[in-house]
């Protein structure tokens, strides 16, 4: 997915990598995928060492490994002077995320987080409607990520299960459900509303009996500036397809988006029936239309959203390389990751009281 | 609406009433509606006095007056030996609601609350699926009532506005938004889930600046037995149509209902796409099919839901009159109203802490 | 349904009738429904004779009997000076329908046809958008009525089946599927498009093997003025809920309506996403809003649509009685019924050739 | 689109091509896209000549050029021993298509047509339900492709308009609307229903006044074996998003699909509410699940559908190369293209009479 997304518009070419935590299997895996043998590395340090001395070294790394490896790998890559695209959660906690932010800033490196949901044309259009004032002052935000991945006791499954590492808190992170899915919902809400979460009053726990980890978090939200909202991350919702839903309500109207129908945004103004804005509508702003690649009515998916994100990182890097001021590009950055980790810490600490999200 | 609903199946006939708090206007109003002059009364006490001595007295009263009059009117009607159908909220607070429960029990009177949403065939089917065990143990409940009625500053409108009395807390009740809309959502969630709310952690306030009353309540829920959930009552949601949405998630699957599409229920079992059960589907249980009156595919509405509720009160009264044991009829009763008022009190008191809902 | 619809707004009161073709059962049936014994008649002639000499005679009759009785009953009622509301199809053929039109015109009587679909607020709004020019010149019309009533061999069911009389062409009419459901679709298309069908090229037949009657008609349409379209009436569509769908496409945009979701109309203008106009939206024309009875977001159904139709007949009769010019009221009339019967005749005759619909 | 689709799963690598009908612009265009200079050719003959003598020659060509060039280019590629993926319509008429079929068969070459709609997991599932007998005998098929591309007079636009060549019948083909969009709908209907169209009764013409070409075709269908259906191709439907809708009705139930919501298939069995089967549902057949690449609930689009098609061509070619019997792979082939061209010829000839589609 990430390879095809990065290459979709020709901004990036994936030339090699580390394909397993086991060096031998990494090299075999890379070969099987068709990469040149000399660029299938046994570990990230090896990659960084050897790429550094090539005359065509890589410009960036994309990190899609288990959660507990994100911080060390990203830190190493940043320190080696590479840009980073990193899966979420970017780190174990906010302190680690701040460390990554410091390293990126120090080295002048870009750090993008793989929150693909914020790169759909229609979530971008929702953000546009907020920023342009079309909705007026914001009044309420509802967001949820509901999924069935942990609806059954996967912890009793054979340890080869693809998800098993996640269930070990030392590897999966502070909160399985927030690190796994909830952080996407939190980021999307902040992205569209254009503000951070100031405090939370959360109920974290497990709805599947006898479970050692948290599979569900509900929270009351106060965004910075006082905007109210609610948040649900349900990882054990049997029957749910796997959906993020966002509703942002303003003084003049509301927008509603669901991942199930990612190419549409319901825009309802006071006293009117909703308008279903659709990717490709000729009356959308040109910068929204530019985020699509196929004619109106032709379905696009998450791959194209990721391609938008990868494209923006490339454009920013090229602008900088050319000495130009890069345009404002809204892809998720390490500062967003710091906020996400602070949000997770606050949710875990809350236990039904209002807790500030550390800045 | 209530008249046509009560009469729809021939169970009731509306023969008179009180049509204004002003005696003269009440009599005129009743005449204009075509009621016999001698049954258009100036007040409820007058109605009760005069009906008592007729040889064809009324069996019940339906109370659709401002909130602060519900308790005195209902108490008087119960004490006069009449059954009552009452609009929500049934009283100013839980103590008043308990008083009504006591009076009803003492006099052997029926007391139904006009929560029409729980009388749609498809909310009844949702409840059926929970009770039958089709969803397994329940794991999470989400409910919301979202409306735009207070999205603008109606408090600045001329005092003749139909809603103005609601804005005076002495008339509108403890919580405008919970008494006005939230109580419907709370009741529906309890009705379908088949259990009461044990405690809440709520955030009540106003999202429209400078407002003296609460237009928004969000809450984390714990139902009795520990079931988690969330609740939102938004009275100031510009652009919202006026919708209740309920999702009840169990061990084996979930049900999802929206008032916008009241004749359908989405039933999604683990690992399967949802089935859209629809009023009139021949494979529904006969007791659900019996709640509809027109062939499959012909829209029915809130009127028919209210007719189901009125029909059940009549059937229960007739069973009792005939000395029979009435069937279990799920219309909302005064005990549900007591719980609703206790829920409202808990939400108002919570202020971001867990508060028990008094039993 | 018809009784409650007629009485819903207080325009009409149903006071008696004929309730079976068997005189004794008719009287018993009427009594059971609570009508006064002296107005439960054994036949329509008896009703007409006896009502004529009352000092509170009926003003109109509503005819909901088997198809082959529509013409004689309606003719007798018109000749007795009563207004008529008649189920569809109004007659066996166009000649009979023209006879009813002549009788109605001669006697100055109103003749309404029970095409309830054209009395929903949102089909009326569709018509409004066509008439107001919002869609520009019309370019294409698609309409279908799809149902599963004859998907199984009901003709093999015991003869007590409620539908059995329909299967006898001498009683059911020229075309079972067009008389039973197709005529509703044809009328709705003409009603919204504001024009009649000039010619058809139709394929009528049975899709269930070995069937003696037609359960399916598909047709290419040319409306008067040359507008193209398509028409499908499918009575044997297993799995279909029972739906009418209409799409009217104009130079500037299109409208799309489905009976499944009768309170909404999708309005899509060139290059824009669709707007979902909904009954009760404050920005609808006042005459459309006036067709609803409950606040926005509260479902209404077919009963309320029929009530609109009955209300219009009453308003027209009262205007005439008061010597006023009645407003233009769009309920379906006998001239529409004549066109429907001519359309049915043309479909039956077409056999894959263009055939003119007789004027 | 085609390049990324072909490369998505690693089956193909695009190494060069012809990128304009003008040789110099073709070479520049190819360079700009990053292809090696020695494989950016000025014409297809040049490509075929030069690739033939390489030791790493191409295996196939994909032809996405104007309609009138499909036959000569495809014929040359087949004759040069290459497999072909060709855009629709494959040729000007059925005779040309038959010629391509002959050449492909003679040379043992594969010929795939870019009907991507038939390669979505859910249209494949629809086909599976027909083939498995889940729907019973088929009874009716409705298909339409509705679009707004020609809703305005693009023929009056400056001649640089991207679509202008299509408007010249010598380049666009026998029927603009059928070659442009209708053929996709026809193919999809035949693909899912598993049978060819035997005869049509069509109405072809223009709904935009004063137009020299046909923008609209409606048709009554008889599939081989007698199955009835209807077909609409509307290229001038202002307000339409660009959608294909298909409904296939059988003895036991129906399936309904829309391109707007390509990842879902509504499956409704007699007397039941519809089930919304969704790409990724764990209860789907494994061969359907295998057509998706991302977890349940993550949107995929047309790119992934095309990737399925390209993958099947590769698997068939590799099976043959390995001397194995290729599995039955349902991608659209030249014989389907012959049928499509014969269907177009029949529609154009029909003029409101039943016309056989030549075999």
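Should a chain be cited, it is by its letter among A, B, C and D, assigned in written order, with residues numbered from 1 in that chain.
Operating definition for what follows: a contact is a pair of C-beta atoms (placed from the backbone, for glycine too) under 8 Å apart; a residue touches a chain by one contact, two chains touch by 3 or more.
On a predicted model such as this, the values are computed, not experimentally measured, just so you know.
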Winner on C-beta contact pairs when B-D is weighed against A-B: A-B
Far-end chain from chain B, centres as C-alpha averages: D
Chain centre separation in whole Å, for chain C relative to chain B (CA means): 35
For chain B paired with chain D, centre-to-centre distance based on mean C-alpha positions, whole Å: 54
Chain A-chain B separation of Cα centroids, rounded to whole Å: 42
Chain B residues counted as touching two or more neighbouring chains: 241, 271-274, 278
Contact graph of the chains (line, ring, star, complete, other): complete
Chain D partner contacts - residues on chain B that touch it in the complex: 264, 271-278, 281-283
Interface residues, chain B side, partner chain C - complex: 1, 4, 7-8, 10, 33-34, 147, 241-243, 259-263, 278, 280, 293-304
Chain D-facing residues of chain C, complex: 136, 139-140, 142, 144, 148, 151-152, 201-203, 205, 207-208, 216, 218-220, 228-230, 232, 234, 236-241, 249-254, 267-274, 352-354
